[in-house]
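Note that chain A is present in both complexes that follow, paired respectively with chain B and with chain C.
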Partner chain A sequence: MIKRILAASAAVAMSACFAQAQEVKIGLVAPFTGIGAEFGQQADRGIEQYLKLNADKIKPYTIKLIKRDDKNPSGADSKVAVQELLTQENVEALIGWIYSPNAFASAPVVTAGKKLAIITNAGTAHITLTSPYWVRTSFSMWHSGFPLGEAAAKILKAKTAVVGYSDFPPGKDELAAFKRSFEANGGKVIDEIPMGGPAQVPDFTPFFQRAKDAKPDVFFVFIPAGDHSAAVVKTYGALGMKEAGIKLIGPGDITQDTKLQAMGDAAIGLITMHHYNADLDNPENKRLVAAWHKDYGANSTPDFMAVGAYDGMAAIVHAIQATKGKLDGDAALASLKGWKDVSPRGPIMIDPETRDIVMNEYLSEVVKGADGKLHQKLLATIPNVKDPCKELKVGPCAGSN
Partner chain B sequence: MIFGIDVASMVLGGLAAGMVLFIVSVGLSVTMGLMGFVNLAHGAFAMLGGYIVVLAMKSWGIGFVPALAVGFILTAAVSIILERLLYSRLYKAAELDQVLFTIGLVFIFISAVTLIVGPENQPLFIPDALRGQLNLGILHYRTYSIFLIVVGVTIVLGLWLGFERTRFGAQIRAAVDNRRMTESLGINIDRLFTITFAFGSGMAALGGGLGAEFLGLDPQYPLKYLVFFLIVVAVGGPGRVFGAFYAAALIGVLDFALKKYLPQGGTLFIYVLTILLLLWRPQGLFGKSA
Partner chain C sequence: MSAPTSAHEHPAARALAGRHRIRLWEIIPWLLAIAFYFAFPRYLGFGTELLVTILFAISLDLALGYAGIVTLGHAAFFGAGAYTAGMLAFHHIWSEPITGLIAAAVVAGAVGLGSGLVLLRTTGLTLLMLTLCTMALLEEAANLGGHYTGGFDGLPGIDIPPLFGMFEFNPLYPRVQYLYVLGVLFVCFVFVRTLVYSPFGQSLTGIRENTLRMHAVGAPVRVRLIVCYTISAAIAGVAGALWAQSNAYVNLSTLGLDRAATVLIILVLGGYGRLYGAFVGAVAYMALSHFLSKYFPTAWQLGLGLLLVVIALFARNGILGIFETLQRRIGIKRPSP
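What follows is the complex of A and B.
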């Protein structure tokens, strides 16, 4: 009898041990409170949807997601969160980083921790050079800014542009990217207007008034994703810039899916370059959007932040399978170099040299659909864009790690 | 001529922003002058008003102007409850206690709004008549800005009449100038203050609703704009209605001009100017000297 109990408990203990070996702990670092809480929610839901829609790809492993709130773009809270995840929770890989300053601040800890770290949003071009363990499934600012400069000159036939940007590293990146390719294609940037910091939505009227007075063909605006975009579109409409013949263009942050409907008709005609919008016509995206509506309501929509996290989790799942659940930092990293997948944004690949994403960029225009809602109409696809900042070795992108 | 139009559009844009600052801050100015109470939660009432306006329009389908009235009334009502229950206990407390209490209240408001409505910005849909551009003869300008200027001027005239021509206004002026003397004349200061506080909060709510078009509306609102509200009160001089009006107009126009012509300086200039001004006149431009 006693023997039997012993044997049974040993079996239970062993199976528990076995089950534990199957579980992989992943740390998610994103803002869940404060001004960025909605971004954290997008990332969280993107991961949730990936795990739900691709349950068969994860077997026989299970993923335990441990979430830490990095609150704000200060960097300090993010660094502490990463440290806790690595040293107290002993996670096998990290995912998240909405804000660039937080990724910069966390880089030394990530390097010391020697675990795979997937950036699902933060877009300053040279972040990936700050630690050899970074892999980015979101974008670099240059991914959108550089092709848009060329498209503005060639497709939109613009000769002059004014650039308005939020004054922080991604804003300066985007300005540099756009300016370089716009001027290389015969355009001229006639004014550059810093429009306050990223943390607060300013009243854009003075800045836009300045841009309007300069009478450019296109007004290129970069603002961080989130609440800035509605104010940008409102101010553009209210100052009569459209009637003055000035086209508003920018990366997809100005037409973020979650903010688009609230902008109203003032948004019609906006032209953006981006790697994702919820209207993209491909089976992967249709599946994601349908599941999203079902789980979070018909008025809810995934945006590029959700898709960055969705693909980030896909990368982690690939690394788990490739390393047989061990996720040893260097082996996990090696398995992702050159990794390809079909994402809701189209085909993607991790560039083996830069660990940054290679993906399509889509030139889109906001139109009003038959359903009375705003949609993004595809104008042109620029295939397989590699981060031009690192390709051209511009400024800090010329460095290596 | 072109330069003239530039200047005119700058002044109009700045005045419009200034009017919102004035409408929100005037209540803060009067309550600060009246009780010396540092109510850092004043912006929370502006936010509350803004949310009531947006939600009333969305869920009840009422128009912008009736929604503003609802925002005014409900916010004033909430502020009376808070004033009687909480604020009134701290009138004699040290300034640090008042500051800690009201900033705590701000955080409660932020969390409550995040919990109930959500963290995202709430879009406000102003009536079509107020959208677009208005032809002013020499130039076209944003209709809503002109509307705000008209509303702001109407309000300051109304307040001036109320302050200078009514018995209640005289009581407030007396209490601002010398509270103990006023009390000894048999005027019920507690009641006076409750009414003024409620009215000031209602005004803040009105400003929150009117300003949402370009200040936006999200749970961080009370902290984002707190400094601007305080600058208006400090520069205008606590307790001075016209002081707050001139200060708000001045700050609105200066801020607009500096942002337009020197955007590289960001928001820096307005703070530097405020510091210089307060070094020169600590009691504010229009405050009485201590």
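What follows is the complex of A and C.
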């Protein structure tokens, strides 16, 4: 009897030991202060929800998340944070990067560190070419802009368009993507209007008036996720563009779920193309949204930044299982090439060649629901979109590692 | 009270003559910097960033602390230097690091000279706004010239060949970068120290204290200010080039208001017009923000804010000012003329 107890307790002790040895350290690099604090919080919560809702997929490993603030898009803080996570904390994989400049600045360190690095937001198309250890679970700006060009011509039957964009790389990418596919499908972009930088919300009136005067069928607007969107729809409403028969369209950055309610009724009728919104009707998303409301309050909602991080963590967990907890950089990379999963945004895959995500894009319209809140109604699904920038080898996307 | 026998032996004369004498404690910062290299090999990325900031703050000290040129746009020169070194290397025109620094100094100095010729006709708030404008113009130019400058995303992965053909820049363990930046900082510091104790430097202090009197004694005030501004710009350009080279990266943040404001805070925090204020301020500000943000990623700004409030309330002359006040209180009299 005593022997048996001894043996059992030894086994328990050993398994406890074993369990401890199975802890995997992951470094999260995101802005937790400054103008991006909100985005960092979305990413952090996305990861938290994944770990909570999928605890069984992680066993027998445990994940220790080490968070570092990369503060601003200067590059340097992000780079130092990545250096220290790799050399001081010895993390097995990295996740994060909200700002594209920070991903570019960190690329040489990621390459030298030889660890899996998951981008959960930064959207400049050619980032993934800067290091062989990048895997992106968010999007490239081309993912939404390109299919929207085709949809505008074919589904919305638009002949002419005016493009207004925030004057920084994601805006220019959206413009290039939209223009290319819209004109390939018989449409014509009759004016291109840069509308100030991403840091401050400008007065949109002069830009929108110029667009209105050009009398296009659709007005395509790109502004960065954040506080711009409310000003966009208010100006659109105030100038009577809807009454003038000009449809407001854009990528889903302008109907970010966290900002949707603040946009007010002026947003009704707005048509966007994106890979995620909180109203998507699938069991994975329902589970995420319900858990989110429970943990962070009924007025809080996940958005595409949260889902980018949610799927980023899913990718890391897959790599942990596939490499039996070792997460050796090259083996982890190999296990993710061609990896498929069912995400709250629908089916996803990591393209084995570009390490970028392949996913559905959803054409949606903002409508007022029975609950008095704004929702996004699905109009059409464009399945399995690969980053068109790399497919078509546009500009810097033509490069290789 | 006996009259001094000759002018040379007057205590004031001795004090004046001995002002530029190197004091024993002046070796301490350099010893600490070398000790840091050996003691914290895994913090050298942060260390490199810190040294670059010190150099940048020294360049601002020359303009603001010594000549009294109130500027909020010093990042214009930091960015000009960073983009010069970065673009030359990125476009494979010239990538050798040390000559890259010289090119950066020349370009930043030229920007300083050009803008200084116009700006330094003004003083006070007008000057402040114009320095800000210069920086904003350069930033927008860099944004518009995205084809050459990389725009908002910056120029990634700049290839810097080994230093002296031997020492390679390692992105993960930036040992070489640290020593390289430390070496350049030392050379620049010796230069600035010599400059501020020279008659030229003295005349700058004179201009800061009483411009009218300097005019009256016949000093060429505007020329002195422009020369000082140009030198300060060139050193800021070297700091920027070091930043670009050690990060193998350059983007719009090098020209941003954030950087210009931060370096001003650092200098005021440490104490301006004192040379070593740049060291003390940069170490205090950056170490605090680095380590607080490491352990409290979401709430670290609170701690930094409290420090700044305390300094603003109780130590108007910065951290070094506290020591000076203490020295006076306990009665160590400095020889005064």
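Just so we're on the same page, the second predicted complex is superposed on the first by the 381 of 401 C-alpha atoms of A that agree within 3 Å, B and C clash if a C-alpha of one lies under 4 Å from a C-alpha of the other, contacts with A are read in each partner's own complex, and residues count from 1 in each chain.
FYI, a contact is a pair of C-beta atoms (placed from the backbone, for glycine too) under 8 Å apart; a residue touches a chain by one contact, two chains touch by 3 or more.
Keep in mind the model is a prediction, meaning the values are calculated, not measured.
**Student:** Could you tell me whether chain B and chain C fit or clash when both sit on chain A in the superposition?
**Tutor:** By the criteria stated at the top, chain C and chain B fit after superposition, with no clash.
**Student:** On the A-aligned overlay, A:Thr235 touches which partner chain: chain B = first, chain C = second, or both, or neither?
**Tutor:** first
**Student:** Contacts for A:Gly75 in the overlay, against chain B (first) and chain C (second): which applies, first, second, both or neither?
**Tutor:** Only chain C; A:Gly75 stays clear of chain B.
**Student:** Now for A:Ala107: first (chain B), second (chain C), both, or neither, which partner does it touch?
**Tutor:** second
**Student:** Now for A:Gly197: first (chain B), second (chain C), both, or neither, which partner does it touch?
**Tutor:** both
**Student:** By the touch definition at the top of the document, which applies to A:Asp167: first (chain B), second (chain C), both, or neither?
**Tutor:** A:Asp167 sits against chain B and chain C alike.
**Student:** In the overlay, answer first, second, both or neither for which of chain B and chain C A:Lys386 touches.
**Tutor:** Neither chain B nor chain C is touched by A:Lys386.
**Student:** One more residue to check, A:Asp213. First (chain B), second (chain C), both or neither?
**Tutor:** first
**Student:** If you stack the two complexes on chain A, which partner ends up touching A:His274: first (chain B), second (chain C), both, or neither?
**Tutor:** A:His274 sits against neither chain B nor chain C.
**Student:** With both complexes superposed on chain A, which partner does A:Ala37 reach: first (chain B), second (chain C), both or neither?
**Tutor:** Touch status of A:Ala37: both partners.
**Student:** Between the C-alpha centres of chain B and chain C, what angle is found at the C-alpha centre of chain A, to the nearest 10 degrees?
**Tutor:** Rounded to the nearest ten degrees, it is 50.
**Student:** Enter the shortest inter-chain Cα distance between chain B and chain C once the structures share a common frame, rounded to whole Å.
**Tutor:** So the smallest C-alpha gap separating chain B from chain C comes to 5 Å.
**Student:** Taking the contacts chain A makes with chain B in one complex and with chain C in the other, which residues are shared?
**Tutor:** Common to the two interfaces on chain A: residues 33, 37, 167, 197.
**Student:** Report the residues of chain A in contact with chain C in the complex, numbered from low to high.
**Tutor:** Touching chain C from chain A are residues 32-33, 37, 40, 67-69, 71-76, 79-80, 83-84, 86-88, 100-101, 104-105, 107-109, 111-113, 124, 130, 167-169, 172, 197-198.
**Student:** What residues of chain B sit close enough to touch chain A in their complex?
**Tutor:** Listed in rising order, the residues are 6, 9-10, 13-14, 16-17, 114, 118-121, 123, 125, 131-133, 140, 142-145, 213-216, 218, 220, 224, 255-257, 259-261, 263-264, 266-267.
**Student:** In their shared complex, at which residues does chain C touch chain A?
**Tutor:** Checking each residue of chain C against chain A gives 42-43, 45-46, 49, 143, 146, 151-154, 156-157, 170-174, 243, 247-249, 251-254, 256, 258-259, 290, 293-294, 297-298, 300-301.
**Student:** Considering only the defined contacts, which chain A positions touch chain B in the complex?
**Tutor:** Touching chain B: residues 33-35, 37-38, 167, 193-197, 200-207, 209-210, 213, 226-227, 230-231, 234-235, 237-240, 243, 258-259, 262-264 of chain A.
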